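Each of the two complexes below includes chain A, the first together with chain B, the second together with chain C.
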Partner chain A sequence: MLLDYDHMGWLKTALLGFTALVAAFLLLPVVFIVLLSFGSSRWLAFPPPGWTLNWYQELFADPSWLEAALTSARIAALTAILAVLIGLLASFALVRGEFRGREILRGLLLTPMVLPVVVFAIAIYAFFLRLGLGGTTIGFVVAHTVLALPFAIIPIATALEGFDKSIEDAAIVCGASPLQAKLRITLPSIRIGIFSAAIFSFLASWDEVVVAIFMASPTLQTLPVKIWGSLRADLSPVIAAASSLLVGLTLALMIVAALLRRKFKT
Partner chain B sequence: MSVETEQSIATKRMPAGLGGLLPALTLIGLFFVVPVLALLLRSVTDPAPGLQNYTALLGDGTYMRVFFNTFLVAAVVTIVTVLVAFPVAWMLAIMPPALASVMFGIIILSMWTNLLTRTYAWMVLLQRTGVINRALMATGIIDQPLPLINNLTGVTIGMVYIMLPFMILPLVGTLRAIDPMTLRAAALCGASPFQAFRRILLPLSLPGVAAGGLMVFVMSLGYFVTPALLGGTSNMMLAEMIAQLIQSLLNWGLGSAAAFILLIVTMALYALQLRLVGARRATGGI
Partner chain C sequence: MTQPFLSIRKLRKAFGAFTAVHDVTLDIPKGEFLTFLGPSGSGKSTTLYAIVGFQDPSSGDVLLQGKSLLAVPSHKRNIGMVFQRYTLFPHLSVAENVAFPLRVRRRPDAEVKKKVADMLGLVRLESFAERLPGALSGGQQQRVALARALAYDPPILLMDEPLSALDKKLREEIQAEIRRIHRETGVTILYVTHDQEEALHLSDRIALFKDGRIEQTGTGEDLYLRPATDFVAGFIGNSNFLAAEHLETVGGAATIRLADGSLVSGISANGSFERGQKTRLMIRPEAFRLERNPASAELTVDVVDVAFYGERRRIVARTTTGQEIDIRPTSAAMASQDATPSRRQVFFDPGAAFLFPA
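Coming up: the complex of A and B.
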């Protein structure tokens, strides 16, 4: 009866207890960092001797944090737009096209997800040094789009595979042009895949550290590069404040994703 | 009849849809394949043509220790991750939906939280005067702070934390696909719960465990951020060594040779995974 939740006896208690421990382990750093950001100890004593908003004030007083966040947001937004557009076109070809070598091409487009990022990072770093694109917004966006493309293709192609093509054909039979049918029938039907693709490719760029460390210049820093640099210098509570804002952003994204899913399902 | 004609016309108009792949292939070809190949070329041409970079890497005790370390950490992380993830995935597969969605929410929150944020939290938690050491000392379990950071313990804790969602989520799918009736049949035939686990549940979930474990192992091999921040200088891992060779020492020849070795190992294991689970499953369903 190992897969029958209601008839597992003591085993269920043990496994549930273990699952609760793992849940606590997964939550621990996230909750801890938020509490720490309000603690008054500069040396990160915990539990803190008192509560304060100092670290948030320090964070907002330093314009380089805000600038790094805006740079990250700009690069991630451009990456998401490019990855979704390119991924959408590629997904149609991969799901519907019938040509030789389709599986190989699919594998090739998804390789950036598998290859260790550090290998790609030094490769694109050397390449962009030669092209003069190192430390530029374009360079960042191109490199991040390569990394984000698999995260755009996978949800869109999955949604497209679940879409019944005969509905699109019916629209064409009823007089719509193939393009009209795609824009007005197919795209709205796979919108949840497209939204997932946008969120995932945005996050792929927003959280990306390794390529960014190599690509960053003194004048162009993304948020992860800024955090990385601060971390190597000291464990200042200002990083906890910045981190807590990022946790807040993650929660907001999760809520948006959940709401969208609910809205699309009904 | 007319539908079929229209369909074939539509198919003909878009010659097999290859055009749609053009932007993606241009991007990947120009900014992924070409730079990676150029890097590999550099490993046999910089500073002079030949294999001297590879002989230098493989003949040197310091570099070999990094390779050994990398495989050791990846193996330990994989084993711990599998052992922790399995019971959780098992419960998630059969829990009432309301309870499961709470757990899924926690997993997603941890997974989507910025990687550096999570690593920073572990740096603070695990330090000598950190919460974990203080709690253990206060309860009297230890009387000296444990060295939890700047060593393999720290790297393992931090990496298992990051890898757990990648193991749990696919395993839930595998476990949900198992028909509970097979286990009921085993129980009816007199199997003890332990026998049923060892002879039915475990073998049936093994493909999922192998696929997930291999993915965690491959990801751990090339991981950069967490080992660099939680590991000490005495037990560096491969990705950090590659970054240092290039960024601090400007030794492009050695760095790209080490990168090539990492690439070969990763791709070989990836190919193995594809054979184990099929291309569709390995890449998340497409």
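Coming up: the complex of A and C.
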């Protein structure tokens, strides 16, 4: 191919440089936040005049932060479970099903990925208010599940496409009922897709802020909402510490997902 | 009449307007090794799938020991099957794969263990018990699949081109294994292939499929020596077809006139022909002789090319009317100095030639 990476000569260097620049541009703010969370300046001066763990101590001493983190984790975990369950059923329909409108259904299930979040947030806010689900855990989980579904369906459907249905048929000839064959043979065979789906839908909820702002109530706040709210009240390095933890968990889960994929590829 | 073990009655399967299987009827005695042979798309797999229950026939019936299987769901038919594709469960060890059908049947642990050992012994893979399928060669995977399919002592074993993904040498090796396992277990086998040699090596009987119908059922010898139709003659073994005009048939022996004007009598006629009807005469390449004998008919040909094929030579020749024919005399029957292009007579036994409608 004309644009084969190995045959691009000096362009290769240019491309590499440009990519590095973009990556730096995207990552630097995050690096700043993490550095500031360890800096001793209350006014977030950079470079920090000294280093300290004070802000983290303050963070853990304040029960409202911990509560927000637990709320986030609970909602993200429930979202992940629900998204994986629905994602599994949807993937079987999309990959194995032969029915009219299958492509339309696929498009519909994946739209939350491209739909402007704020539009979705306003719509579901109005809708849930009427149903009395605003500010409830169920409301949060349902709204986040809609957003997380594409991230659950894509890895599961991909894994299912790569799984030869004859293997499931073989299990059935061996005497397993169709359900048994799916539970004992098909699901374990596509487990890597299921794990990825769980991690990505957890993250889709964990760091989601727009819908969460609309859904939150004074008594039910996720971590991103709490960060957002505190930010508007006063600019304290504690927020940097909370943000660093948020990023830290996200990063850890992404690494787990990447390792899983590498392990199962070989 | 005694009841056949497995009986396929007037089986028909249509996909929309397209009929993949028309009216297939077959009786299979217990312990037989029967092969479905036929070109791609001739309905072999569809027939097999109706037996195992992956596809519901449009009409007709499948009976095992007199009882219809159609109302029984696939997982309760207790049939063994080896697929064309590798279908071992990727996350289970070889031993657990073989144990799977016994575990879903909730057999006691001790029995499962013993049966797994027996089965792995049968396919000679005892030392691979703890491996995952990904760490086996294609041939080993199919042997494990065979062990898994036999672990629950199914009355019938179905195999849908189990060896087609393997190379020739491995294929022959596993063919020998399959023959031995058939002998040792006495299981009734329905085997699908489009490889005629494989069918001839393995089977007690062959059902030759064409366009969703069975063209002929019989032993390999029946199909080779007594083909019922020109399709069978052309599909099994090699064959030459010569244009001929039918003159008369007396007591099953036909007299014909070949395109070069020569008369041949004593041909085995399949069916009855009119006087003057256009027909095709089939002669196997191996049926040609280079020496005359009292009963033989003769044909004048121009030798175009001679090649040495080990046991036999292959002569490409042309009749005086320009039709190319293939002749395979044994190498011993022809000295190599004869191998020069020239006009000569070749001979054949009219009883080993067959007449079919054109």
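Just so we're on the same page, the second predicted complex is superposed on the first by the 231 of 266 C-alpha atoms of A that agree within 3 Å, B and C clash if a C-alpha of one lies under 4 Å from a C-alpha of the other, contacts with A are read in each partner's own complex, and residues count from 1 in each chain.
Note that a contact is a pair of C-beta atoms (placed from the backbone, for glycine too) under 8 Å apart; a residue touches a chain by one contact, two chains touch by 3 or more.
All values reported here derive from a predicted model rather than from experimental measurement.
*Asks:* When the two structures are overlaid on chain A, which partner does A:171 contact: first (chain B), second (chain C), both, or neither?
*Replies:* second
*Asks:* Given the touch rule stated above, what does A:92 touch, chain B (first), chain C (second), both, or neither?
*Replies:* First partner only, chain B.
*Asks:* Touching A:35 in the superposition: chain B (first), chain C (second), both, neither?
*Replies:* Neither partner.
*Asks:* After the superposition on A, what does A:180 contact: first (chain B), second (chain C), both or neither?
*Replies:* After superposing on A, A:180 lies in contact with chain C but is clear of chain B.
*Asks:* Looking only at contacts as defined up top, I'd like to know whether chain B or chain C touches more of chain A.
*Replies:* B
*Asks:* In the superposed arrangement, does A:81 touch chain B (first), chain C (second), both or neither?
*Replies:* A:81 contacts neither chain B nor chain C.
*Asks:* With both complexes superposed on chain A, which partner does A:129 reach: first (chain B), second (chain C), both or neither?
*Replies:* In the superposed model, A:129 contacts neither chain B nor chain C.
*Asks:* Touching chain B and also chain C: which chain A residues?
*Replies:* The answer is residues 166, 169-170, 172-173, 178 of chain A.
*Asks:* Can you list the residues on chain A that touch chain B in the complex?
*Replies:* Result: residues 1-5, 11, 15-16, 18-19, 22-23, 25-30, 32-33, 36, 44-46, 85-87, 89-99, 103, 105-127, 142-143, 145-146, 149-150, 153-154, 157-158, 161, 166, 169-170, 172-173, 178, 203, 206-207, 209-210, 213-214, 224, 227-228, 231, 235, 239-240, 243, 246-247, 250-251, 253-254 of chain A touch chain B.
*Asks:* Which bits of chain A are touching chain C when the two form their complex?
*Replies:* 164, 166-167, 169-178, 180-181, 184-185, 188-189, 191
*Asks:* List the residues on chain B that touch chain A in their complex, please.
*Replies:* Within the complex, chain B contacts chain A at residues 2-3, 6-7, 10, 13-14, 16-25, 27-28, 31-36, 38-39, 42, 84, 87-88, 90-96, 103, 105-110, 112-125, 127, 129-131, 134, 161, 164, 175, 178, 180, 183-184, 187, 193, 196-197, 200-201, 218, 221-225, 229, 239, 242-243, 246-247, 252, 255-256, 259, 262-263, 266-267, 270, 279, 283-286.
*Asks:* For chain C, which residues are in contact with chain A within the complex?
*Replies:* Residues in contact with chain A: 52, 54, 73-81, 83, 85-91, 100-101, 104-105, 145, 148-149, 152.
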